[in-house]
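Order of writing sets the labels: A, B and C. Residues in every chain begin at 1.
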Amino acid sequence: MKLTLLELVELVGGELLQGQPDLELSGFESLKNARPCDVSFLDASNYAEALSTSKAGVAIISQKLMTSISAPETMALVVVENAARAFDKVVRKYGAPTIEFRAGIDPSAVIGEGAKINADKVEIGPNAVIGAGVVIGDGSSIGACATVGLQAVLGEDCKIAANVAIREGSQIGNRVIIHSSTVVGADGFGFEFNNGRHEKVEQLGIVRIEDDVEIGACTTIDRARFGETVIGAGTKIDNHVQIAHNVVIGKHCIIVSQTGIAGTCVIGDYVTMAAQVGIAPHVEIGSQAVLGGGAKVISDLEGGQTYFGYPAVPMKEELRSKMHLKRLAGLFKRVKKLEQGD
Amino acid sequence: MKLTLLELVELVGGELLQGQPDLELSGFESLKNARPCDVSFLDASNYAEALSTSKAGVAIISQKLMTSISAPETMALVVVENAARAFDKVVRKYGAPTIEFRAGIDPSAVIGEGAKINADKVEIGPNAVIGAGVVIGDGSSIGACATVGLQAVLGEDCKIAANVAIREGSQIGNRVIIHSSTVVGADGFGFEFNNGRHEKVEQLGIVRIEDDVEIGACTTIDRARFGETVIGAGTKIDNHVQIAHNVVIGKHCIIVSQTGIAGTCVIGDYVTMAAQVGIAPHVEIGSQAVLGGGAKVISDLEGGQTYFGYPAVPMKEELRSKMHLKRLAGLFKRVKKLEQGD
Amino acid sequence: MKLTLLELVELVGGELLQGQPDLELSGFESLKNARPCDVSFLDASNYAEALSTSKAGVAIISQKLMTSISAPETMALVVVENAARAFDKVVRKYGAPTIEFRAGIDPSAVIGEGAKINADKVEIGPNAVIGAGVVIGDGSSIGACATVGLQAVLGEDCKIAANVAIREGSQIGNRVIIHSSTVVGADGFGFEFNNGRHEKVEQLGIVRIEDDVEIGACTTIDRARFGETVIGAGTKIDNHVQIAHNVVIGKHCIIVSQTGIAGTCVIGDYVTMAAQVGIAPHVEIGSQAVLGGGAKVISDLEGGQTYFGYPAVPMKEELRSKMHLKRLAGLFKRVKKLEQGD
């Protein structure tokens, strides 16, 4: 996006109240996050304070609010009748293009025998590969070069991005979103050590993903050894997350980037894990627990509390530990003083 | 998987000894890991104790063992002649479908000039791309949308999953398994800083993977700057692992998820790395060393020992450190008391 | 690579000065990094010391340097007129094959409507998928099974490896290199919690990558909620890195493997992040800051300094903390002694 303030005024059809017409703009943002190169907007009086401290290069403002606001002197101002609608014009013109659902199977896609797909209601992208016996519900789309293995079942209105790999037998609910390079249903990591070699333990289970789950990019969810690895309804998973075999995750959890959950863990509902958390095998975590960034969990944790550290302990304990560590240099001095008999 | 206890009895052809016929079952598991919704089984007397403490909703039990076992009162029991065979019926019906090897090159696959592939003994999946001069041994399969670069060589009986990227010149042994979205042979991360810019150092080496290696999903193994990055025979690597250029890993190692090994490290044989380990560049680790979860290694480590912490130290030292940290609050109190002259 | 010393001498046409002709060689390396199975070389006197301590199995040496060098007794030596040229013969024969740029659109690739690609000057690999309205500059190549989404724009001389996913609307400069399984422009991780459910916050922005950026394999750069996620010119990013929505990274930064940068962070120019760093949301880091391996940043950091630890603090502080921790066992003893009144 590259436009001048003058071009912006022409685009949204407003009046330039203050600002240099040749000011160059390169993005659009909320008032809070905007930088001097960004266009922002104000359409409701409860954001008036955000306006006064915003760094936006230009704010588009609804006429009705003009009497009650105070903007920084350096901010360009464009007045329009409806600022939300005007800002929307900018977003539509310069924002990411929206992929529209278009039913149909691209001729370059390969569809296996016995797959159940209603070509009038499902979108299969170019060079996608759908295995034999796969079932895909109406309203779902499969991106370019994505692969869906043998007999996998997907519900309705799913969005599977380009280059996703869904392995054989996976069971996926309705309205599930999966981003690129993510792998659902690869073998769990299981070996038995015999005669100096690690022998593969066959991974015969599947992954089951319930409704309304979203999974980021480059994330892996391994199939169970037996039975199922389960992601509960409404749970949202970020990029680069590892979920090992036989893990069972409850409903409406939030799992942030680069977190790893080892085999056979059981996670309750409404659990939040910040980034780079690690959980050892066979751990159970109660509902509504919150794990702080980088927490490493090595034993069961009760729900409803916030945990930090390695090993993860209730936040109060971790804060006390950190405080003691900060004061450690002082403690050495105090002991020295005592030793010197002062 | 969804069936009632009654349907299970019909499927395996046994006798319902105890339990409600309408009990709903949704998975199958070993006695140890089973939950109340799972089917499990007992076919050998040495698992009798596992039965007595199992949480399985139902156990299928071999007739011959009925006199010598004691199951929890709440567990449904189905008696059959051969419990292993009966359980197998459940796994086959409800477990992940098995991909069978089917020799042949899918018409949608693209095969480069001079590639050596016996179409009667190799399986190339839909929309896979095989580069010029590639050699693939008999019994190997390449998944859908997987790519194998120029002049790469794969041995016999390899299983390369869908969406894998094997870059040019890689050398892969026999019986190697590689899971989806994994990248073998991308450029190592090497730059020289000149005149305010990072200039690329060309990465001219390759990756060599020996026999019987398994590599998880979303893992990266970078090509050497010169020479080879090597993964020794029998080594097993989990998901999201990073192995940088010129690393040499010995035989029969276990490397768990989200571990990163920086450039030019040399790892011995039978080394175990738990999850989220990090190893700094140019480090050597002796054979049979064990690195605990999250250990960060910044200098050479002798083999045959277990290490934890950042920096990684022998486990005993780390345990002592952790114990001292736990007792730190008490130490502050003791020093205060001394200061007060008590 | 497998050849004997004798075969090496025949290949490079030199004279064998010392060493067993049947010595087996399996790689090539710089003098510093070479192992006993490697071929190395010496062509300039300023590496004479590296020769004397090298572990290379054989060194190829330029005739002119023979009077001024001293090599280990166990090292085989091959004398040639020009050692650099001779070594180059080895690299060309045994190194990774080089992919040569070949303009043209593979017939198996799928090109969307209105895409602007000069087929005489751009290379589109087999089974690649280019979306509608995409623009790709001359000299750029798109690898096999890579996907470029709707209306994305790529500059000149870019190298997009096999199996990369570039999502719709992404803006990519000139000479950008992106390795396999990397995802540019997936949705940021944004949800609002309403009535017990996490509702998706639409991600309407894009990713903008400036000139001369290189991005490793299995890395993710999420699109902005509004506006842009930006990677500044000349910045180099390793494998498995997570860059969240609305992050702005400056020019000529180095970001090593498995680092994660949370939403809306602003990173200056010439910032270096070692492996496994984590940065919390909304943090600003000044230019020329250096973050040590595994550092976890939870608040703004000034530029021009080196930071370590969790939370990341200036290196001096972290070193002092680590020293105190090492001496903690001794402190316990000293306090005990004081308590005993010695």
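Rule of thumb we're sticking to: a contact is a pair of C-beta atoms (placed from the backbone, for glycine too) under 8 Å apart; a residue touches a chain by one contact, two chains touch by 3 or more.
Note that the structure is a prediction, hence the values are computed from the model and not measured.
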- Note on the structure: For the copies chain A and chain C, the interface residues, called same if over half of the numbers are used by both and different if under half, are different
- Copies chain B and chain C - rotation angle from C-alpha fit, nearest 5 degrees: 120
- How far is the middle of chain A from the middle of chain C, if each middle is the mean of its Cα atoms, in Å? 24
- Note on the structure: In chain C, the residues touching two or more other chains are 108, 127, 145, 163, 181, 218, 240, 258, 325, 328, 331, 335, 338
- For the complex, which residues does chain B have touching chain C? 108, 110, 127, 129, 131, 133, 145-147, 149-151, 163-165, 167-169, 181-183, 185-187, 189, 191, 196-198, 200, 203-206, 218-220, 222-224, 226-228, 240, 242, 244, 246, 248, 258, 260, 262, 264, 278, 280, 296, 298, 310, 320-321, 324-325, 327-328, 331, 334-335, 338
- Message: For a test of understanding, state which residues of chain C touch chain B in their complex under the given definition.
- Response: 1, 26-30, 33, 35, 38, 91, 95-99, 106, 108, 125-127, 143-145, 161-163, 177, 179-181, 212, 214, 216-218, 234, 236, 238-240, 252, 254, 256-258, 275-276, 293-294, 325, 328-329, 331-332, 335, 338-339
